[in-house]
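Accompanying notes for the structure given below.
Chain IDs A, B and C follow the sequence of writing; residue 1 opens each chain.
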């Protein structure tokens, strides 16, 4: 982390970057917030550890409109999102100085709490080059947590630790992938239609329509969302009828189909723990199977599957026929 | 004569038809005196590609039991390629509806040219029959819109 | 003072639910929220904070106000029926109970909101002391005692028993209605006092225990409003409504019409000042930037509300926003940011 701060100070001092986009230490051991740093002395509160799960690439849309370059720290998975935004002309490459930061997987505070831990006052060992065990100090006594057991769900299906775009790279990464990304999707597919319907009714029934999943999504970058239209008579801010949550989540994920890099931010931020990535991953799985393997954000030159076609594409009837 | 107590289920079907092929196909069906169920309500769109997934969901929200989308045959689009995009989009949308547990067959895409009045009529008859067999759409509608 | 053993709680819930609706923290899809009790409900009284506050039992996220039917000039208006049966909310925390008092200030003052008033009149609040406060809690900042919650009945959970103490007439009636299942425990006041002492000792160790509201009052509008601090504070805000929707005191709502098969339903639903269409009018919006919307939320809670309600803040320190904000922003960070700037004790 000190290396990152040192380099950021250098780049601010030599005028390469006008500001730094990173994470600022929070007031609890696990709640750093994304932040812009304009002055060298502000960087004293810069932090990069296991709790810096927030994907900063979407904030580069705003930063691309500012004067001068912004030094941004991107984790390997964040670089896919940045590439995708680049392809859609939402960010300006010339306005970004990208430092690819190493990553050994990011932590999910809910998974730490799920181990019966509360009243947390300090956590040590969350640094990127830290140990395998977190020491958690709480008002109810000290506890230890295995780093791997508290990883965000998305880190278990990591796309790899290679930065797809960056100007320089600092810090080491550790492979965290230990599950098949489509396993969860397949488990749902294996259910009967009635069971699938009941499953989604239960999961989406928790939705409070806070729109955090939409607003955090680096692929959701429309200036005005269709769901913010005042000409709708449905609520948009509440699920008056269970139809509304279905419509919202189908459309939200459809709008990013072919563009979603599977960064997992939607599921990370959901206050009700809805497995929102299931929607996106189902689209990705179908795209891969029907139109060929595609990873959004891997190659900014590649054509997105939904803005492309082949004369011999299967007919929509395939969904009904395949049983 | 026996009087059937149960009211026969009359499905509500929305058909989005592209202006250049399928809507003309529907016209031809009419002028050729080929019948199709009165339960099918046609909405004309400039191209099948104009149909946003939201259109289909909104139709279900407001009480449709089945939604069918008709356009020019692939390769014959008035705008050259519109229906190729439709095909991918609708495949993915239908896949998602299946994923969340909506009965297969409530949505369909058919390619009907301006010369295929008979196909239009046959398609609509067959689709209406399919929806009748699936029964009322209860999983994907807004309860407030049900009468 | 009464008590009931933990094993008998199920029987108690069954008894309550026999004649009234019973709401309590239940687990659904891995998350704990207030829900209606039934035999299959997975009751989680051990969970300190439900994701959403129990606010929506009194002020639902969406509710129909009335329905218009008819055609032409013949329009019939059918108001929504008001709540007319008693119900019990079991296991509210001290902060949640205070949250309802904040809502009372808004909805029970003139002109009274009849829908809300009916629910308040029929609702019986059974609150529970917080046996295991968490690091995000800061209710003491607002003078709330998590060891002695308000409500109609207060409850304390010890290792074996749940102790109940009626605090109001409604609470007395509630106790009478389930008395057959309770044991009198007048001589065990010490057990409860010991539990209270234990809780207060924990509260003294919480990281936010010294959070100070110095400088936040109804008179500080201009000083706070014009501060440049907001410009850096708001930046990570995603403009989502998580903080407002999990908050026990946020009370803004929107009113819309929905065309149903039978007529037009006028309904209201929660709104969030974080949303771009909040208070949108024909003439446009009076808050056009996220900075303004972000500032509105905290100014309302800590300045405008106390200015209009005899100094009562519309934050109760439940800490739900601390836990749930996707960008880790929250009211505590706002208070602390101003504290650093404008003197006051550093926390």
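Keep in mind that, in the parts below, a contact is a pair of C-beta atoms (placed from the backbone, for glycine too) under 8 Å apart; a residue touches a chain by one contact, two chains touch by 3 or more.
What you are looking at is a predicted structure, and each value in this text was computed from that prediction instead of being measured.
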{"item": "Chain whose Cα mean lies nearest the overall Cα mean", "value": "A"}
{"item": "A-B compared against A-C, more contacting pairs", "value": "A-C"}
{"item": "Separation of mean Cα positions, chain C and chain B [Å, integer]", "value": "47"}
{"item": "Cα-centroid distance, chain A relative to chain B, in whole angstrom", "value": "37"}
{"item": "Chain A-chain C separation of Cα centroids, rounded to whole Å", "value": "30"}
{"item": "For chain B, residues that touch 2 or more chains besides their own", "value": "144"}
{"item": "Shared interface positions of chain C, touching two or more other chains", "value": "258"}
{"item": "Set of chain A residues in contact with two or more other chains", "value": "234, 240"}
{"item": "Complex interface listing, chain B residues touching chain A", "value": "53-54, 57, 60-61, 74-75, 81, 84-85, 87-105, 107-109, 139-144"}
{"item": "Parts of chain C lying in touch with chain B, wherever the complex brings them together", "value": "258, 260-262, 265"}
{"item": "Of all residues in chain C, those that touch chain A in their complex", "value": "28-31, 33, 48, 51-52, 61-62, 132-136, 202, 205-207, 232, 235-236, 238-242, 244-246, 254, 256-259, 267, 269-272, 275-277, 280, 322, 324, 326-329, 332-333, 336"}
{"item": "Interface residues, chain B side, partner chain C - complex", "value": "63, 144-147"}
{"item": "Footprint of chain C on chain A - complex, ascending", "value": "26-28, 31-36, 54, 59, 118-121, 138-140, 202-203, 205-206, 208-212, 214-216, 224, 228, 230, 233-235, 237-240, 268-269, 271-274"}
